[in-house]
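Chains here go by letter, A, B and C, matching the order in which they are written, and residues are numbered from 1 within each.
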Amino acid sequence: MSSATTAYYVPHSARWPIVGSIGLFIWFYGFASWLNDAPFGREMFFLGAAVMVFMMFGWFGQVAKESESGAYNTQVDSSFRLAMMWFIFSEVMFFAAFFGALFYARTFSGPWIGGVGGGGADMTNALLYEGFDYVWPTNGPGGVGGNFEQMGWFGLPLINTLLLLTSGVTCTFAHHAIRAGHRKPFILWLLATVTLGFIFVFLQAEEYMHAYSAMNLTMNSGIYGSTFYLLTGFHGFHVTMGAIILLVVMIRAIRNHFSAENHFAFEAAAWYWHFVDVVWLGLFIFVYLV
Amino acid sequence: MTSNVSRWALLSLVLLMMPLGAWADWGALNMPKGVTEISNEVHTLHMRIFYVCVAIGVAVFGVMIVSMFLHRKSRGHKPADFHESTTVEIVWTVVPLVILIAMAIPAARVLIKMEDFTDSELSIKVTGYQWRWRYDYLDSGVSFYSQLKSEHNLARQQGADVDLATAFPGESFNGEEDVYLREVDNELVVPVGKKIRFLHTSADVIHSWWVQDLAIKKDAIPGFINENWARIEEPGVYRGKCAELCGRDHGFMPVVVRAVPQDEYDAWIADQQLAMASKGDESERQWNHEELVSAGEQVYQANCMSCHQAEGQGIPGMFPAIAGSDVATGSIDKHLSTVMNGVEGTMMSRFSEVLTDADIAAVITYQRNAFGNGTGDTLQPSQVQSLRTGMTADNGLTLPSKVASMPELNSNTGVN
Amino acid sequence: MSTSDVTHHTPGEQHDHHDDHAHHGPAPGLMRWVTTTNHKDIGTLYLWFSLLMFFIGGAMALVIRAELFQPGIQIVDPMFFNSMTTLHAIVMIFGVVMPAFVGLANWMIPMMIGAPDMALPRLNNWSFWIMPFAFVIMLSTLFMDSGGPAGGWTLYPPLVLQMGDSFAFVIFAIHFMGISSVMGSINIVATIFNMRAPGMTFMKMPMFVWTWLITAYLLIATIPVFAGAVTMLLTDRYFGTSFFSAAGGGDPVMFQHIFWFFGHPEVYILILPAFGIVSSIIPTFARKPLFGYDSMVYATASIAFLSFIVWAHHMFTTGMPLAGELFFMFSTMMISVPTGVKVFNWVATMWRGSMTFETPMLFAIGFVIMFTIGGLSGLMLAITPADIQYHDTYFVVAHFHYVLVPGAIYSLMAATYYWLPKWTGNMYDEKLGKMHFWISTIFVNVLFFPMHFVGLAGMPRRIPDYSLQFADWNMIATIGAFGFGFSQLMFVYIIVKCVKGGEKATDEVWEGARGLEWTVASPAPYHTFETAPEINPGTVTR
């Protein structure tokens, strides 16, 4: 890299982590209190979130500054790469839990409730849910949440798929541009990516509103509603985060922080973006299509 | 230093041996053989793997101890330099694998046998409740609840100050005699020699119906039915427990199975059918105040005391007092609906299906007059009954059987 | 940048050489610990934290044992008893064993592989400083009206959903612990991959480093799954979802599958670093290299791999289909093979060595023997038809305490005695250390061995009161518990005494010591290996 030093950079001391811990504490203590309708819960929640945002800006700002000043050698750079890679892997496993729930409900417990399968499944249906037939999507024999419509794959979800796939392509174009040292196309491709990301989030919000108001499809719509909203919801949250990160990267690009060789912040954001993309493909197939 | 080590080692060995003196009866330290073919096979399997494990332990620890004795620096042993041998690595991968396969085959055989639910001759649905069991004989329509017997329930209260050994005399380590916490008000009666199918489910949280002598343990999952079976060979009383943590009184939901010859069983069923028919009459007839209070005391001790305590004083911060309670001295409607419907989101559960109309009337009358509440009120079973029919009709409150099978576990405020 | 060889310098000398770098000594005062990025400081913080939590979790265990001293309910309400069991387990697992291993990783891994520090020092600080907050939240639930969590550490719904308002706090505290562990593991992976001194090939790394690398993968792969599972609990409770409710088409058992997909690898997270520690100590005191290093590495990897496909052995009574039961029985049994390889390798390392029995070695040997006892009872549990009888009895409690207490905890004590001279520069009191070992070993067996008997005889776990036929052995176990518990005060005394002073330790400390950490001064200077040490094919690194 553009560094004069060969030593591995070890910061003297770090003040941001403790700010982060306190922020997290306020944030989630507040959230828990809010969930229980305790006083100040909501206020604490927002205060904690603000502290966290402040911390992120401080922490990442410091890292960016150090990076600019050439404190990081190639070895530091690969530490960052490794960390980002395995962080994304941990996120994959987080989604795996929810996909696991979806598969389990669809292939095991759903049919058992419907009387298909051995070891008491027939009796489950006969004794507890006589007359209940299992078909996906379901809100269970209790009809939890009342009748609802299934979210089709055509329309918004399909458009969203195309948007995200396109954004993956524009992101790659941005990468090629920076690698070739073309700053302006880089910023423009980034802008395209970020815009597509935000449009995705906007359309997803539309979809939710439609589902709630016109289809009676809510979080309370049994296991279908549960898996639908948690999977797409956490994904949507990740898209939002990814788009914000890319936006920050874009601003830094405008301020000329990156070079053809040194642009890991962008690469990390791009990896994240592709991960979000791939998760969406999984969602599109398993939540919407089949 | 060496002598120091061996002195400590010797001392510890001696101390370790000391508890062995307490081994009055080997059998009681081990898994019982049980009274079904399956339980016997499980026992054999258990002993076999136990001996294999002991043998492995003796071999491994033996080599270690020999080595620790011979190859110590204080004896002047010089270290060898070997640190690799593919041959031995292969040997001690393959040998354990072979041992494992030898264990897995009989285990799989027993397991397959256990899971064969075909050709049952009798079906009993077993439903777990916090903290009692409900048994429904699907073939004869007999059904009842079964819970810890009230003497035991009294004795196990915090600060009950009962000398358990005198109150429940029995031989330690002689399974059958020791009955503290192992007796219920209504036993599950079954015939010997029949393949009985148990269908397990639960009305609230997960429980697990376990009778060791039958080698049966199966979770009772709310909203699902699990199958299980047993063919009991000898008449007798077999005791078990709930084996899955199910809340505060998980330790106090025993199971008692009484296996009897077929003719005795038939007679018992007939009795039960008769008794069930007459239960209706109990609700219909007029009771007098004293009758209700004394019946109510029984119901209270069996069902309510574990939380609201013997003197109705409750446990501050956890369970409200009944003595002087606004509910138990105020509107009788509120009182009745508290008991019948429970309080959503708390441990005060819904008693409308667990207790009969007579029980409910009795316990409410009792609570309103005992513990210095002295309201003088009397609630008749017939009033409860009319309310119940009314309840079902006008606001769709669930019928007993429906509640048992389909708990509403999904409210926003949590279960119950 | 200095080119001097830092390996053999004391901290004082370093200061002279590097006065251009203000960060070479620790900053003074409390803020040193709050803002530190030094791997040794952070390791120390983790270790003290887990020692403190050990006494908190242990005090809870003593409440449990005191209540079980006699049949009848004497001391605590059953509800409080249940929250003691639950919190005891959570504190011991997430507050003691895991942080202690992370602390050791922090202290030792950079020194073992010749790195100047952990790969991501700032993140390292955060990983630690989340933990105290997590446990403040977790333990504060005990003081809330609705009490602490009382549904068992396994958090099975629907029971756990009956908990009062403190539920959300418990869930978020678990999230915090998860964030901390995942960040800590990422840091360890990055350190091991990226920070090894030139010449330190993977097959030259000490076993402790290997076991931690594999453990870190287990953590990164399973903790997020656990986070997902508890998130579903949270939404079932507060947002109306039906993951674990049959009425809405979900299934309470689904939680158990997701939980144990995390939970089983978790128990190997609690033991693999212990294997690493023991694999460092036995060669030292046998004065002979570790037998079968390569096969140890492969065995560790196989254990980790297998741990992902055995989870449902905790669920044999939930009514799985037969094929599932058979699969999980066979796969679980398979784990004994690689674990056996490890045990046999340790024995072979001892064989024809030249052994001495200082305290670390005593704890390591105690570990091998008693872990094996626990492992063999684990094998018995794997046999499904028998497990249906053992499940949820004290036989299971005996099994897991044997692998956890004289297993994981003993490895931690062994590690403490082994590396304490390197950390403090002083020798601990050997005589007291040996006494600590023997007293602990007697009592730990008096404590846990009888649990096998009462379990087989039919005593269920998680009960505050029991039938009279279990009385004698419970009384004995309780005596063992108090004996074991109070003898740990000795451990604290020995550590404090050693930190304060004592016979000065040499750099090598142990005659048979092998590895880079013994080439630096004792106490280890604040910064080690700022210039990578030279590692030739002949250098002994493990």
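Definition applied: a residue touches a chain if its C-beta (ideal position, glycine included) is under 8 Å from a C-beta of that chain, and two chains touch if they have at least 3 such contacts.
Model, not experiment: these values are computed from the prediction.
Each of B-C and A-C has its own count of C-beta contacts, and the greater count is at B-C.
Chain centroids computed from C-alpha atoms place C closest to the centre of all protein C-alpha atoms shown.
The distance from the centre of chain A to the centre of chain B, each centre being the mean of the chain's C-alpha atoms, comes to 44 Å. Centre-to-centre spacing of chain A and chain C amounts to 31 Å, using the average Cα coordinate of each chain. The residues of chain A that reach two or more other chains are 109, 112-113, 119-120, 128, 141-142, 144, listed in rising order. Multi-chain contact residues, meaning those touching two or more other chains, occur in chain B at positions 115, 200, 223-224, 226-227, 406, 408, 410.
Each of residues 236, 238-240, 242, 245-248, 251, 253, 319, 322 in chain C touches at least two other chains. On the chain A side of its complex with chain B, the touching residues are 109, 112-113, 119-121, 123-124, 127-129, 141-142, 144. Residues 115, 117, 125, 199-201, 223-227, 405-406, 408, 410 of chain B are the ones touching chain A in the complex.
Against chain C, in their complex, chain B makes its touches with residues 4-5, 8-9, 11-12, 15-16, 19, 22, 28-32, 38, 41-42, 45-46, 49-50, 53, 56-57, 60-61, 63-64, 67-68, 71-74, 77-85, 88-89, 92-93, 96-97, 100, 103-104, 107-108, 110-112, 114-115, 155-158, 160, 162, 164-165, 168, 170, 172-175, 178-182, 200, 204-206, 208, 210, 212, 215-219, 221-224, 226-227, 241-252, 315, 317-318, 347, 406-410, 412, 414-416. Of all the residues in chain C, the ones that touch chain A in their complex are 1, 22-23, 27, 31-32, 34-38, 115-117, 119-123, 125-126, 129-130, 132-133, 136-137, 165, 168-169, 171-172, 175-176, 179, 182, 185-187, 189-191, 193-195, 220-229, 231-232, 235-236, 238-243, 245-251, 253-254, 257-258, 261, 319-322, 530. Chain C makes touch with chain B in their complex at residues 71-74, 76-79, 82, 145, 147, 150-152, 156, 158-159, 161-163, 167, 236-240, 242, 244-248, 251-253, 286-295, 317-319, 322, 325-326, 329-330, 333-334, 336-337, 340-341, 343-344, 347-357, 365, 368-369, 372-373, 376-377, 379-380, 383-386, 388-389, 391-393, 431, 434-435, 438, 441-442, 445-446, 449-450, 453, 456-458, 460-469, 471-473, 476, 512.
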